[in-house]
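Per-chain residue numbering starts at 1, and chain names A, B, C, D, E and F are given in the order in which the chains are listed.
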């Protein structure tokens, strides 16, 4: 099995964290291909960054499918561009937020997503609602920039710890979801520290992708995920027209 | 008052329909500036097209705000890019779907959105849900390409009529919302034909924009609509970094 | 355009506050006619007062429509009698709560209504739910009598300030809605003081009324807002029978 | 035990139907006092009629409590004036819609309310939603005037039969609720005819009123049902001020 | 009337508390038969205990119906086995949680269930949601073992008091529901102490059972409560096959 | 990895169908152990059968965990006994309904569960609601006995086909979930026949179980899934007391 993992921000060091987490859980027969988007913001913090992360993401997904990937993972917790990716690709596509949320639902009745920036809290609440878990899951923000997770001199980790502690005490969270792909390396350690299951979306998504491949399931194409219609795209966006992106 | 109306698809003839509808209802003291996005798909039909309509849209909104617009309208019924536009702009931004839905809620308890493509039905149901009206509003698709609305030889109009009739009979819709900016010129005629209020989102949005300007209300910036953070954007997307888009 | 604004409580000084707020935002071509109900409670504080405010309100709306008003506004934040008024009138009718809530939804994802009496909190929560915003809006009461807003010696203002501060801190409200028509003169000052958008329902309703008039939209009459059926009304209520109230 | 049953419309023949149904199920030790409102519409069909049925209803409830009633029932399926009555009275007050819905919830997972006028359908859907049963109950209208139920020459009964049949077949209703006090005499016969439980709200309310009396439970007065505040009522409504209505 | 009250745990002293509460409110003509399940856990604390309380409960209900009971009550606040009991019995069956919740809904807009064990909190939240009251009711746990309610030397009572006080202050509960059959003797005293209505599910259920008997209403059998299908049951469970349990 | 799959009905031929489906998708390194419950109904059709399937199921899960299983699957689409199993076991437990629903949510926006008996329709609607998908998924029943699926002379298959066709046409289902463990062998053939993804819960659950094992995730034990409390169980149920079932 070949699974494409796209980091839709353009920071390669974060891709390495993601790749390590993905490979650690992949089956022996699974080939994980982790790529960094070649265009867009260096981190995705809020609605505006999301917009400009999607073109590069979709380009990687189209290229990955062409190169033989059987499933694709969007390794940003906003599930950036998930709907468009599902429309574009014929292979299944999984977001790490939805992967984490589905996984949490199998092991806990109440859980909390702890994310980075306050500005991402409401967008993640919308996602959690869309995935049907708004009555079971809360979202908290530790108020830390995404890239500070890679900076050992920052106070990102203590802030993250404090927010997880608050989730357990105040939300009565039975499990914690790490709300950023850049936290993919922290799950085991945090689970040990806090004594509750801690779920990383990247590794969850890898396993769900293997599941879909093994079950032979692909995105349904008879509804809102129908393939893009061939049509002209104008100006700077013309290279992304359905025909050209699929031509590669 | 100066209101910017952006057609986020790149079809100028549709912009003209939109502009006419907008100007017909604007106050005498309102200056409506209708622009066509300079990049992206010629029509927005589904999730994929949406992605590539947003960069051009945001560019126009940034430019429009710089040029003195006091409010902006996104003239596509998917409310394409609305969240990102609200984060980017300091002036208020209104989507024509939310404008139409809010307006309908003042005059009817049950109403139906009639849109073009079947693939847009579920995305619009998501919007209607987000705007709090999922228990009051249904969405139907007449199964017509967006640009066929401009083609007098197509069967777009009879199909639209049939779907409106079904909405009134089967959904017991008390009012109809036209679910595409390209239908902006049809509201009066359809209301007369079917004997129920028919709402066009473009004209509704113009009036709501005037309302916000007059009331001195702008997008709240303390939550998810905080201004984009200054950061590098890489590759083809570098021209859209917050700093550069705001520099114009 | 001629817009009728009815204060459904019988306190004329409050009508003056309302009228001032309404006229301040009306278009140059709009004639705002503010009237005080001639019968009923001097303030509307809870379910019981509401009942006896409605007959006088409906009488004014019927008279106002006869006198040429093209839209009517109910200037009490409980949206007292809104459904009955919509059934009675052929002109559109807007409540100030629904007007404020719709306006807030255009500029903020989370907002809080701050009202007067604790006993009004749950009724307003019901309204907010009905207007589809229960997941986005909270309701708080400052625990102040309605008419104390007009008494400079009362502690109404500091209590209101405290509750707004709590809404911003504890609810993370991005915008505030003033939950009483008697607060219509405070929006600008409070917005300045607290640094978030503050919305007054009276002025919002005036603009929405102008919108409906300009768009030529009237209450749908094919559903629950069908005109009252001609029938005998007995005893003290006989003067309010549909035939007699419409005869004036 | 003494239970007051108020018919809030002014048609005495309907009060007799209601009284017969109420007495048929009351305990041997219960004294049912059925009264007809002395003012207001002869039938309650839609939002407008409701408004003018409430003053007379409240007057009867105040008088009844004074005369020793231990609980009051509002015998109109719109639960007309229920909130105001609960605020006014210290004795518990029950609406026949809520009584019927609670009863149905004990014996069926899915049930349908069949009411008279189409214009009452949405208001009853709101009630059913408020009583927490919107996912379990549907509302249908047989499109018959309320008073036609008393006219043996009308086609009210066959229309009612047809709608019940449709509820069982199309909604898969496991039980039927009769959505009008004027149908109180039909439950047994319809249950026999259609082979499903058929619930009349009047008789259900009588039993629930006995329940509250026996359990010593009264309306909670610490929230929205706090007693009306003593204050002036102006003009024609002055006789209904809290002080005067409680003085009788 | 003959009403069967089954204590589905096997602690006879708790049955006596339940029986006393039930008889205190039953009509003079009602014969309350309180029985203790002959098999299963001595107290029901969480999902696992529930499973093994149901066989004994169902056996008592089948036997009770055979012996002439006209309605049955499940006297455990988890409404343990309610759905299966409704499928098995032809007489109506009422759970004490649903009885208490329906009763509370007649007298208060907001109320709180105070139960024993923290592990029962989420299951009760599910029940409250199913009964349609999740927006009106909260659930709190006093963190006390069920059987400690019978031990005068335990700190059960002060803990219960503290939780009720918190419900009133923090949840603004207007009424309290006692969330355990073992609290059935405390309602009057707690209502007096805290000045709000306090509802015991056992006594509420007795009255609702009398209501259903008097109204001649039985469980609808055309949906999910259809009678169990005759079929072999294997091994230790063979004595519970539908045929054998109904044979007694 | 060792995964226990328990068929909670006592029909061994169905266990073989389940086992085949499970083994077909398990990883090479996974040992699937499929067992048939030793006690209870031969098929689970409705609430009553469910009750008596759970003891045998829990016994197998306790035994399986003791024997080294790292995850357990409940192979009945009602997710029979899932909550109790999660409380009992320390290994993760997955129901095939929740597994199928989570899987469907990754590939389609709207999907329909097609189950066997009409009496199972509402219980499955409750499950789907609990899993957060009530706005995305419908449930249909083909009205066929469970064991008829194993009888080639029955009309089970054509009825199933008809219901799937109706789901696609009338519900606009983009994917189908097979709502019975006994259908586990039909997914591929039905997907081919109807041209939409068809999901079998057994195979989905096997993959999700592997996911949880690989990720090192176990049921959260700090909330409603806390381990059963040691206590006496009386009579026929005494062999199932927490201590004795865990002793084996």
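Note that in this section a contact is a pair of C-beta atoms (placed from the backbone, for glycine too) under 8 Å apart; a residue touches a chain by one contact, two chains touch by 3 or more.
What you see is a predicted model; the values in this text were computed from it and never measured.
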Where among B-C, A-F or A-B does the C-D interface show up again, with more than half of the contact pairs the same?
A-B
Report same or different for the chain A and chain F interface, where same means the shared residue numbers exceed half of all residue numbers found there.
same
Based on CA centres, what chain would you say lies at the far end from chain B?
E
Between chain C and chain E, what's the gap in Å when you average each chain's C-alpha atoms?
45
Averaging over Cα atoms per chain, report the distance between chain A and chain D in Å.
53
Euclidean distance of C-alpha centroids - chain D vs chain E, Å:
28
Tell me, which residues of chain D touch at least two other chains?
109-110, 122, 134-135, 223-225
Tell me, which parts of chain E touch chain D in their complex?
25, 27-29, 92, 94, 98, 102-103, 105-111, 131-136, 168, 172, 174-175, 188, 191, 195-197, 199, 203-204, 207-208, 210-212, 214-220, 222-225
So in the complex, the part of chain C that touches chain D is made up of which residues?
10, 37-43, 45-52, 54-56, 58, 81, 83-84, 86-88, 118-123, 126, 130, 145, 223-226, 228-229, 231-242
